[in-house]
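In the two assemblies presented below, subunit A is common to both, partnered first by subunit B and then by subunit C.
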Partner chain A sequence: MDPALFAQHLLNGVMLGVIYALVAVGFTLFFGVLDVIKFSHGDVVMLGAFTALATSIAASAAGLSSPVILAAMLLAAIVGMALVGMLMARYLVLPLRNAPTLNVLLVTLMAGTVIREGVRLFYPQGSNPKPFPRLLPTGAFEFGAFTLRHDSIVLLVLGVGAIVFVHLLIVRTRLGLAIRAVAQDPETAAAMGIPFRGTVLATFAIGSALAALAGVVNGLYYSEVSFNMGLLLGAIGFSAAVIGGLGNVYGAILGGFVFAALQTIGAVALPFASAYKDVFAFGVVILLMAWKPGGLLAERSAERV
Partner chain B sequence: MGAPDRATIFPALAAILAGAGATLALLLAETQWHVAVVALAGVAALLIGGRAGFGDAIHRSVASHHRVTSATSWLAGAVVVFLLREHNFELLMLCTVMLYVLAGLGLTVQFGFAGVVNFAAAAFMGVGAYTAAVLMTSTGLPHLVVVLAAGVVTALIGSVLLLPLLRTRGHYAALITIAFGILFRTFLEVNDTLGGPQGLKVPGLQIFGYAFNEAIEFDDETEWSFYTAYAGVFLVVLGLAYTLVRRVERSWMGLALDAVRLDETAASAFGLNGAAWKIAAFSFGNFLAGIAGALYAILTAFIAPASFTFGDSLLLLSIVILGGLGNPLGLLPAALVVVVLPEKLQVIQEYRFLLFAALVILILLLRPGGLMPRRAREYFPGRSS
Partner chain C sequence: MSSTARALLAVLLATASLASAKDTVRIAFIGPLTGGVSANGLGGRNSAELAVKLRNADAKAKYSYELMALDDECKPNVGVQVATKAAADKNVIAAVAHYCSTVAMGTVDVYHRFGLPVVIWGAVLPDITYANDFKEIHRVNGTMINQNETAAKFMVAQKYKRWAIIHDTTDYGKGHNRYFSEYLQKNGGQILGTFGVTADQQDFSAELTRIKELKPEVIYFGGITPLGVRIRSQMDKFGVKAVFQGTSGIISDAFVEGLGPLAEGVVAFREGAPAEKLPGGKYFIEQYAKAAYSDPPEAYGPFAFAAANLVMDAVEKVGPDRKKVRNELNRTHDYDSVVGKISFDDHRQNAVPLITKFVVQGGKWLVWEDSEYASGKRPLVR
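Moving on to the complex of A and B:
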């Protein structure tokens, strides 16, 4: 393949991988502390994007400059979604702690539907795709046939930065230590004086903030958001987290890039139409699960009987 | 255990009558005001009746008079269809409800009995529907054979998922069916030979040379809707499937499935092959879903990928949960609520997914067993222990 074209696809794949990894890390964090899947996560991504969109419209109406608008919408989306995540954890997930785990999956799926339908019905003309403002510098570096857009660089730095930030948060801070302790064994952690509920809420806030960031990055990259983008993004993020091995943050990041690679390969390298890229990607996911039922970076565990 | 202590038959008959009456009232209600009253009264009756112990009385009476009650139920179903014979739209809705219950039965066997998750029930219905459409348009097979074949093909396609499903559990297994559901829908949308997003047309049903798509006319001017014949056939199919599922549940097979669901390790310590039971339950459930899909295709005469989305799978799943996971009887009120209410209440048409999602959340939080929770197994039904 032409190297310039190859580089272009690689860049696109990496960009997708960053977005998917941001979503997948949330799934895996929630699973780590509570052993639950919060399936509304994809819709939280969408809600984050719409919060950002609404903020940017309000901010540009107030006559602010692009960087300020960008900062305002990031802040609004991240803080807003962190709150939404905490509320969901408090009122939907924690009350079902002793119910069958799939009940939590169902409740959050339905909560996602509520968010999705809420945006569709109550956001002005919410059922149509919305243009997302282009707030980043529009220039590009040209290397022969390969163009590297400036906004792609900014988005990559933003996404990778967020992932590194979460990594440091989990490995280096007291909060991270608490999260890891609760993930390992909630009861022992509680016995050591780690507040269970507070740690869970903080985890949900962090994961949902990442989702908001993923929504904004996604919106800025494609310049469009729509109310139903969350379903597929959520399914992809969940797939990525599961491929990597639930509960493992690095697995989720790896899974995000694996899924992006599958999609890119499906779109570029398959002999038949690129329309089958999702069919290909999800098909490979099913095969991967058959091969490694616990994910690529599965925790070593023996089942206690 | 002493002599069988037979309960009277009246609570059972009253329950069947009330069920048929509520179904009719809901289907025939004209104004939105009536619909709301009927629906609220029905749900209230279920909840209050359950709390006041009517449920136990009905249950004992059904168990004591098994044959009479099942014959009466068949009769009640036939009477409902007969009374609706001139109401096109209402019959169509009744048919749709019956198909959702049929698919829900499959899901009950998978999820409720064996504990195998399936988030792709609508996709499996779609497999059945497309199989039926292709077979009916391109081969001359008798249509009853086509419907059965659609069920078998669905079970076979479902078996592709068996290996990953058996190797995984919990959320990992859920992902596999979710991935399959999305994969299937995307595949249909981009595949031109299956009609792409526009879908396929399906010819009307013919059984033994009888064309179902013609209105039933008598020599005088009375004319029955052609959906009457469909409703009759669906009633027979649904009745057979329901009886089969109930028999399976009560038999040693149901006991084995329950054991595998509740604790696979303990079940295998008693010599039960968990994998085999899960395979059987998953395939049988998909068989039913495939038949429901084939009948749906024939009923609506047109199928498109948009009818078999992930959202539809969730709708089916919420019927199963709403009715009471593992209780086949609960499917009927749940399907009525989920299918008929939005059609009747034009006000909530637009908001229906929002309202259902909220409703299911409330039920899962407040009443995790659903409208009609599954009962503990009785080894000697009809005897007070």
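Moving on to the complex of A and C:
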């Protein structure tokens, strides 16, 4: 393959990987602190994107400039989804703490459907795909068949920055320490004076804020959002978290990039129709699970979250 | 008229209608009311409902009608469920059903088994009427065979030579790919690559990067609106400069709204004349506007309206009996409707000889001949 073309496919894969990783980290954080799988996560991504979209429409009606609109969008989506995440944790997940985990899975699955159909019904003409504002610089560097768009660079920096930020938050701050302690042993952590509920809420806020960011990055990258975009994104984010090893943040990031790589290989390098790229990617996920049931970076209890 | 007089009149009318209490006949409407293509489903539902309302307001009608709207979500499994629900309900005399071909393919057996006469209002896969010989299944809209023949001839006549094809891998998308490829090759067009994609795919970077290398002049897309919006939008992102050619599946206001300026110069083809060009079409558009629905009728609304009227006319004529209504529908010939004359062939398929070419200009789907593209004022992408 032409090296420029190869680089192009690599870049496409990396962009996908960043979005998947942002979603997957949320799944892994929730699993880390509470051992629950929050299946509404994909729909929170979508809600974040729509919050940003609505904010941008309001902000551009107010005549603000592009960078200000972008900042307002990000702020509204991130703060909004952090709140949604906390509300879900407080009223849907925590009350079911002593119920079978299957119940949490079911409740969050339903909550996701409520969010999805809610957006469809209450956002004006919500069942149609919506154009997402193009607020980033539109130029591009061209090297033969390789095109590096300026907006891709911004999104890449934004996504990687967020992941690094969460990493630092978890390893360097008191909150991170509390999250890690609760993940490891909630009872002992509580006995040491770490507020259990507060820590769980903070974790859900962080995970959901990342989902919001994923939604905005997704919208800016594709210039289009739709009410059902969270379905597949949720399934992929969850798979990525599982391949990496549920409960391990680095595993989730790795999983996101692995999944993006599999999809790209499935579409580009294999001899069958690209419709099978998801079949291929999810098929390899099954094989990976059979080979390493705990995920690529299997959770060691000391390293949890 | 003063408000008291108006109230009095309303009371009078109400008692009058009570006095002549008509039997109520239930008709089912089935289409995608939720999910990605619900814009089309809601447009069809509203149009069918409008036909029922207008009929109920007509003093001459022998029966009063009730529309039972069911949601097939554009999913075959859900479609079979709701089709069974409608067909098993003895009070349902006939149904106006389906926008999605994949759903219709799954439900025709159900209607046949229960003997429920059905008029398809939007699904275009030929097999729905032609694969079986079910006397219950009728269709007022045309099939994808005709539209692809016209599409291929027209685009070759515009001096395009090289195509890349993207289609979704449902029966619908595969059907479009099959018929378009066939007619394109017959007319001398060249297909550089064909890409089947899943109907809910989000990212097309890999496919479009490959297509960019192939340097096609036209990208043919066989699929429906949500995916069409995504692919056209990403063509721009990944720097693929080609004409975007779609099928009847993307002719919707939602497509233009979802793309904004990027929709400009997109071409697509649909069977039948546009509503506003038909004598009865103007009436339909006026009545629809008067009913003040929050969603537009979309491209297939007039067909749903015509289908509902066709069914109600049959009931008026032979009474609320499934078998009689079926036989009456079978005999339909030169029936006047808002989408033109309806005549069923031996597979109860309406022969729609006319294919209309559309292009997006200034944020609207225009008939090609009326557009500045046809007059040469605006050029398509070269």
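As a working rule, the second predicted complex is superposed on the first by the 299 of 305 C-alpha atoms of A that agree within 3 Å, B and C clash if a C-alpha of one lies under 4 Å from a C-alpha of the other, contacts with A are read in each partner's own complex, and residues count from 1 in each chain.
Going forward, a residue touches a chain if its C-beta (ideal position, glycine included) is under 8 Å from a C-beta of that chain, and two chains touch if they have at least 3 such contacts.
Note that the coordinates shown come from a computational prediction; the quantities given were computed from them, not determined experimentally.
When both complexes are superposed on subunit A, subunit B and subunit C occupy overlapping space and clash.
When the two structures are aligned on the shared chain, A:R97 is found in touch with neither subunit B nor subunit C. By the touch criterion defined above, A:T147 lies against subunit C but remains apart from subunit B after alignment on the C-alpha atoms of chain A. Shared-chain residue A:A275: touches subunit B and subunit C both. In the superposition on chain A, contact is made by A:E117 with both subunit B and subunit C. Contacts of A:L16 after superposition on the shared chain: subunit C is touched, whereas subunit B is not. In the superposition on chain A, A:H167 contacts neither subunit B nor subunit C.
Of the two partner chains, subunit C is the only one that A:L233 touches; subunit B does not reach it.
When the shared chain is aligned, no partner comes close enough to touch A:R180: not subunit B, not subunit C. Overlap of the subunit B and subunit C interfaces on subunit A comprises residues 117, 231-232, 273, 275, 278.
Against subunit A, the residues of subunit B that register as touching in their complex are 117, 161, 163-164, 167-168, 170-172, 174-176, 178-180, 182-183, 186-187, 189-190, 265, 310-311, 314, 317-318, 321, 350-351, 353-354, 356-358, 360-361, 364-365, 368.
Listing the residues of subunit A that touch subunit C in their complex gives 5, 8-9, 12, 15-16, 117, 120, 125, 127-131, 140, 145, 147, 149, 218, 221-224, 226, 228-229, 231-233, 263-264, 267-268, 273-275, 277-278. Against subunit B, the residues of subunit A that register as touching in their complex are 31, 37, 92, 95-96, 99, 101-103, 105-107, 109-111, 113-114, 117-118, 121, 231-232, 235, 238-239, 242, 246, 273, 275-276, 278-279, 282-283, 285-287, 289-290, 293-295, 303, 305.
Only residues 34-39, 42, 169, 194-198, 200-203, 205-207, 209-210, 212-213, 225-226, 229-230, 233-234, 236-239, 254, 257-260, 295 of subunit C touch subunit A when the two sit together in their complex.
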